[in-house]
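Chain nomenclature is as follows: A, B, C and D, assigned in order of appearance, with residue numbering initiated at 1 for each chain independently.
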Amino acid sequence: MAEVNLVEAVNMALARAMEEDDNVVVLGEDVGVNGGVFRATVGLLDRFGKERVMDTPLAESLIAGMSIGMAAMGLKPVAEIQFMGFIYPCVDQLVCHASRLRNRTRGRLGCPMVLRAPFGGGIHAPEHHSESTEAIFAHIPGLRVVIPSSPSRAYGLLLAAIRDPDPVIFLEPKRIYRLVRQEVPDDGTALPLDVCFTLREGTDLTLVTWGAMVHETLQAADALADQGISAEVIDVATVKPLDAESILISVEKTGRCVIVHEAARTAGMGAEIAARLCDEGLLSLMAPVKRVTGFDTVMPLPRSEHYYMPNVKRILKTCRELVDYA
Amino acid sequence: MTRIAEFAVEYIQFLDPAGKPTQDIPPHLAEAEAITPMYRLMALTRTFDAKAIALQRTGQLGTYASSLGQEAIGAAVGLAMRQDDVLVPSYREQAAQFARGVTLEELFLYWSGDERGSRYSGPQFDFPISIPIATQSCHAVGAAAAIKLRGEPRVVVEGCGDGATSKGDFYESLNLAGVWHLPVVFVVSNNQWAISVPRSRQSGAKTLAQKAFAGGFEGVQVDGNDPVAVRFAMDNALERARSGGGPTLVEAVTYRLQDHTTADDASRYRDAEEVETAKQSDPMIRTRRYLESLQAWGDEDEAALKEECGRRVQEAVEAYLATPPEPPEAMFDSLYAELPGALTGQRAEAIKENSDG
Amino acid sequence: MAEVNLVEAVNMALARAMEEDDNVVVLGEDVGVNGGVFRATVGLLDRFGKERVMDTPLAESLIAGMSIGMAAMGLKPVAEIQFMGFIYPCVDQLVCHASRLRNRTRGRLGCPMVLRAPFGGGIHAPEHHSESTEAIFAHIPGLRVVIPSSPSRAYGLLLAAIRDPDPVIFLEPKRIYRLVRQEVPDDGTALPLDVCFTLREGTDLTLVTWGAMVHETLQAADALADQGISAEVIDVATVKPLDAESILISVEKTGRCVIVHEAARTAGMGAEIAARLCDEGLLSLMAPVKRVTGFDTVMPLPRSEHYYMPNVKRILKTCRELVDYA
Amino acid sequence: MTRIAEFAVEYIQFLDPAGKPTQDIPPHLAEAEAITPMYRLMALTRTFDAKAIALQRTGQLGTYASSLGQEAIGAAVGLAMRQDDVLVPSYREQAAQFARGVTLEELFLYWSGDERGSRYSGPQFDFPISIPIATQSCHAVGAAAAIKLRGEPRVVVEGCGDGATSKGDFYESLNLAGVWHLPVVFVVSNNQWAISVPRSRQSGAKTLAQKAFAGGFEGVQVDGNDPVAVRFAMDNALERARSGGGPTLVEAVTYRLQDHTTADDASRYRDAEEVETAKQSDPMIRTRRYLESLQAWGDEDEAALKEECGRRVQEAVEAYLATPPEPPEAMFDSLYAELPGALTGQRAEAIKENSDG
C-alpha cells in the first residue's frame, strides 16, 4: 500500500468514486489535461475520458449552477473551484438553489453535488488565494461543509461527500496538501460525515480545530504535554452540521476550551462552538472559552501573512492562560 | 480592415394581430389540429390567471405573477416539447407548465406559499419555478450536459424574461451551451418590462436574440403573441438540439398586460395607452380569429371551452383550499435526504414551540 | 414635524444626503420612476434627476461592482438590492473588492458605498423574499453592517452610513417598514455607527437583538416587567463592527443574556455575541447564554413561515428559563 | 422570415510578423515618432519581465504572471490613453501600467506580496490589479458612469483576458456600457489560453469581439502583436468614447509565450511546437523590423535601449529589495478610514503576538 499525501488522497477518492459510480463526473477550471492547479484531478481525464472530466469555461457561478442542473438529473458532479477566493460567485447558486432544491420540491429533486475548493493561507500565494470563509457556508441551511486534515480523512470524507445525496462544500487545506504522507488503503471506506474526530485524548483542556490548523494544534498539544498539561484535540472535520455533542462531552471532562481557526474571528465557526459551550456546557466551564484565530482584517499579502496566521506560540500562550486561570 | 464574421437576426411571424396569415404557414402547423390545443391551453391559463388574481385579492392566495397576454409562448413551447424533455421555468410560464402536466392545483398551492406545489406529480424532472432571475439558466445547461453525456434524445428548455438577459448567469449559460454544443433552447419572453424598467433601458442590444452571438450560436426573434410563430421556432430549435445541432435562443416578443405581480402597480410607471395598444395584439384574439377563418372554431366551441376551463379551475381551487398546511416539522423533513443528528433537537423544538401547549 | 414610518425615514435620509452632497447617487432596480418596490426611493428621481437616480439593468453583481467603481472615483453610491434574497451575486464584489479596496491600495482609493437591502420574514412574501443572512456579511473584514429598527434610527444610521468613507451594508427590516410612525426631525443629524443602543434599562436579564425582532423583544420585556422581571433591551444596530463592550457591560450587571434574531441559529451573529460573553464575560454569567432564533432550515414559504419566526412566546419562555435557572 | 438586424466583425492588422505593412498605415501612426515610444516600452516591460521571473526563481519575488509576447497591447493601450483617463487592469498589463506611470519598483513590490505596490505614486485613479477574473469590468463601467455623470472628457479602459470573457461580470458590464452609452473601452488580450484551457474551449463564439453585440455596440478584432493595429483601434475607440459615442470592445489577438504564472508548467498541456510557431509572431521583432525599415532604428539604438532598460530595472530591484516589510499593524491601518473601536484590541494583540518578546 502506497503512502499518499492529502492531495493524492483526494485524487484517489475521486478516482474511486468515478470507478464505482458512472454518475460521478468531475468539472471545473483546468481539471482536465492540466489535472487541476494542485494536481487533485490528475490522471482522471485519461482514465475516465473527457465526457466525465470536464474543463469548463472560466465561470464560477456557472460551475455551481450547472452542477445543480446535473445533480437534479441524477449525476453526481464533483466540481472544483480553483481557490476558495473564487468561490463567492457560487454563493448565490448555493444559497438559492443547491441548499434548497430538495426542500423546495419536498424531495422530488435532490442535489447530490460536491463543490471542492482548496483554502487557507500560509503558502505565500497572491491575493485571494489564502481565504478561509467556511463560516459563510456553515450558516446556510441545507448545506454540508466538510474539511479534512489528513490524507486518510481526506479520502474517507471525500468519498462520503460524493456518496451523500445532498450538497457538500468540501474545503481542502492546501497548506498541508503535501505536508505528510500516510498509508491510506484505497478500499472505498468512507468516513462518517457529521461527527468530530478526537485526535488526541486529554483531561486538562480541549483544543478544537479543523483543517491545516490541526497540525499547529497537535504541536501545541505536544508542547503542553511536555509541560505536564494534557490536552484533548478535536478535529471538527464537518463544520456543518456541527457535532457540538462531542465537543460538549470533551469540555465536560476538561473544563477548558480553546478553539483554533485561520478564519477571521468575528462570526467565524469558533463563535458557534463557543456559543454552544456557553449555552449547553456553561456549568462545566472552569475558564473562559478562547479563540485563537485570524484577525478581523483582510488576509495580508504574502510578505505579511505570517502576522495574520495563528501559530503554535499563540495557541500555547492562550492555553497557558486558561490553565493558569483562577 | 477585413470582415471576418457576419451575423443576422431573423424575425418570424405567421399570424398578424387580426389572425390573418402574413406568409405561408407550413402545412403541419396550418391546420386546426395544430392550433386548437394551443388555443385551449391559452384559455385554461387565462382562466387560471384570473382566478389566481381574484383569490389573491381576497386573501386566499399569496403574491401572484400573472401571465396575461403571454399565454401563446407557454402554450406553444410546452406543446412543442416531448414528455421526457425538461422544462426549467421562471415564474411566468404557467401555460408551459400546464402543458407539461403540472396540475392547476399544484400551481395554486405553489402561489399560496406551499412547498408541495413544486412536488409535481407530472413531469418528474422538470425544475421548480425559479425566483432568482436567470439563475435557472445554469441549471438548464447543467441538465443539458447530463443529457448529452448520456446520449439521450432529450432537450432542455429554459424560460426567462427580458430582464433576465442582463444577468451574468444567463450569459455564462449561453456561452457554455455554445461551446459545448448542448441540447438546450433558451426562450426569452420579452414582455417589454422588468417590473418598471422598460426593455429599452435593459439593454442597448437591438434585439435580445443577438445575445446568442456572444455564445456562438443562432438567435431568432419571433412574434410571441403568434402561437404559430413560436411553435415554428420551437419545433426547429428542438429538432436542432435533439439531433446534435446545439442550442438556440428564441426571443419571443410579447407584452405584460398585467401588473408585474399582484404586489405591483404598473400605473406608477407606464402609460395606460401603451397597455391599451398592446391589448390589440392579444394572442387569444388572433388565434381564435385564425381558427374561425379555418371554420374550425365557433361560438359554441368557445362557450364549451369557457365552461370547461371554469370547471377545471374551480375544481383545482377547491382541492387547493381543502389542503391543510403542513406541520412545523415539514421544514426539517426534506431539508436533507436524512435529517442530520445535529438537527433532531431543533426539530423537536419546532414541534414543541408551535404546539398549543 | 411630520411623523414618518421606517421606510419614509429611509427616503428622508436619502433625500437629505443627496441634497447636502452632489456626490451621493442612488442606483438599483426600479429605484427611479417606480420609487423602489417598497417606495424607499420615491420622489428622488423627480427631485434629483435621472443622472443621480439610476435604474440599472437587472444585474446584482454589476450593481455592487459598478458602485465600487463609482466610489473609487469619488461618488457616494447608495445602491439598492431589491430583496436580501438577491444580494448573493454581490458577495463576490463585496468580499473581493469593496471591503478591500482601501486596504489593498493602502489608502489610495476608498470605497464609500452603501448597499441597502430590505430583509427579514413575516410578510408572506414569495421564496427568497424573507432572508436574514447578516452574519455572512458580518464575517467579512472591511465591511460595516448596519440594521435600523425604528424610523429615527433608520434616518440617523443611514445618514451615517452614507457619510461613512467605507462600504456599509444597510439592511432594512421590511416587516416593520410601516409598523410605527415617529417624529423624526429632518435635521441631518446622524447617529453613531459601531455602537449598540440600549432601548430599555433593566437589572435582571439582558435581551440583545436587532432589526424587526426589536419589537417582539420589547414586547417580551413589557411582559416580563408585568412578572416583576426587569429586562434590559439592547438593539445592536451595527452588527459589524460589533460593539461587544456595551453588551458585556450590560450582562455584567444582569448576569443573564438572551439573544434574539430571525436568522438561522448556526453561525449567526448570536453566536458571536455569545462567544464574546463566554470569553470576556464568563464570570458575570449566572445562567447559560441562550439564543432565540430562526431554525437551521430554509425559511419556509408563507404558509408555514410562522413556524420558523421567533416570537414573543419563545422569547418569554427562554427568559423564564434563565430567570429560574438554579 | 425578415432580417431585422445585421452585424459584422472587422479585423485590423498593419504590420505582418516580419514588420512589413500589410496595408497603408495612417500617416500619424506610420512615423517613427509614433512607434519608437511603444517599442521602448515593450523593451522595458520585457526586461522587467525577465528579471521578475529570475527573482521568483531565486526566492526573491512571489508568484509572477509574465506578459512575454503580449507587450504590444499594453504599450499601445497605455500610450494611447490620456493621463486623466482611467486604467482598470488585470494582472498581465505591465506595459500599460508602466505607460501610465506606475513604477517598476511598485510592480516589484506588488508581486512580492506587498500592498504598498498598489499605492501608485503615479496615476491616482487607476485601479489596482484585479486578480478575480473579470470582476474589474464592473469597476470600469462604474468609473465610466461617474465620469459621464460629471461630464468629464475622460475614458476608462478595462483590460482582461480571453478567459475573462466567459464570466458574468464581463457581460453584465458590456450590457450596461451599451445601454448607458458609457465612455469605456474593453480591451481583451486574447492570448489563446486561460491557464490550460484553450480559446476554442472557452467560447463557441468565432471571435471574442462579437461579444460586444450582446451589449449593443461595436467589437473589433486586431492583431495584438502589431502595436500599430492596437494603437489604431485604441485611438478610434478612445476618441469615440471621449466624444460621447459610447463603448467599444477591442479583441487583441496575441499569444502567451510563457507559463501562465511562475506557479504553472504549460508543457503539461500545450505543445512546444505551438509555442515555437507563436514566437515567430513576436511583437518586438516586427516592431523593430518596421522601425529599421524606416531607417529609424539600428544596432546602436538597440544596445543603448538594452542598457537603459537593464539599468532602470536593476535600480528598481534594488529599491524594492531595500524596502523593509510593513509592521504587523499595517493590516489594520488601511482597513477602514478610521479604525473602529472594536478593532483596537485586536490591533494591539497583533503587535504583541508578532513581537519577539
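One rule holds in what follows: a residue touches a chain if its C-beta (ideal position, glycine included) is under 8 Å from a C-beta of that chain, and two chains touch if they have at least 3 such contacts.
The shown structure was predicted, so the numbers you read here are calculated from the model rather than taken from an experiment.
Q: I want to compare two interfaces, C-D and B-C. Which one has more contacting C-beta pairs?
A: C-D
Q: Of all the other chains, whose mean CA position lies farthest from chain C?
A: Farthest chain from chain C, going by C-alpha centroids: D.
Q: Roughly how many whole angstrom separate the Cα centroids of chain C and chain D?
A: 40
Q: Measuring from the mean C-alpha position of chain B to the mean C-alpha position of chain D, what distance in angstrom results?
A: Between these chains, centre-to-centre, one finds 43 Å.
Q: Centroid from C-alpha atoms only, then distance chain A to chain D, rounded to Å. What do you get?
A: Computed value for the inter-centroid distance: 36 Å.
Q: Of all the residues in chain D, which ones touch at least 2 other chains?
A: Only 115, 131-132, 166-169, 172, 175, 179, 201-203, 330-331, 335, 342-343 qualify.
Q: Which parts of chain A, given as residue numbers and ranges, touch two or more other chains?
A: Residues 57, 59, 61-62, 85, 89, 92, 96, 103-104, 127-128, 141-142, 241-242, 295-298 of chain A each touch two or more of the other chains.
Q: Over in the complex, which chain C residues touch chain B? Could you list them?
A: Listed in rising order, the residues of chain C that touch chain B are 29-30, 32-35, 37, 55, 57-62, 85-86, 89, 124-129, 265, 295-298, 300-308, 313-314, 317.
Q: Spell out the residues on chain A that touch chain C in their complex, using ranges where they run on.
A: My answer: residues 61, 85, 88-89, 91-92, 95-96, 99-100, 103-104, 127-128, 133, 135-136, 138-142, 240-242, 263-264, 266-272, 274-275, 277-280, 282, 285, 287-291, 295-298.
Q: Can you list the chain B residues touching chain A in their complex?
A: These residues of chain B touch chain A: 86, 88, 115-116, 118-120, 124-125, 127-128, 130-132, 135, 137-147, 149, 168-169, 172-173, 175-176, 179, 330-331, 334-338, 340-343.
Q: Give the list of chain A residues in touch with chain B in this complex.
A: 25, 51-52, 54, 56-57, 59, 61-62, 64-75, 77, 89, 92-93, 96-97, 101-110, 141-142, 144, 164-166, 194, 241-245
Q: List the residues on chain B that touch chain C in their complex, please.
A: Going by the criterion above, the answer is residues 62-63, 91, 112-115, 131-134, 163-164, 166-168, 194-197, 201-203, 263-264, 268-269, 325-326, 328, 330-332, 335, 342-343, 346, 349-350, 353-354.
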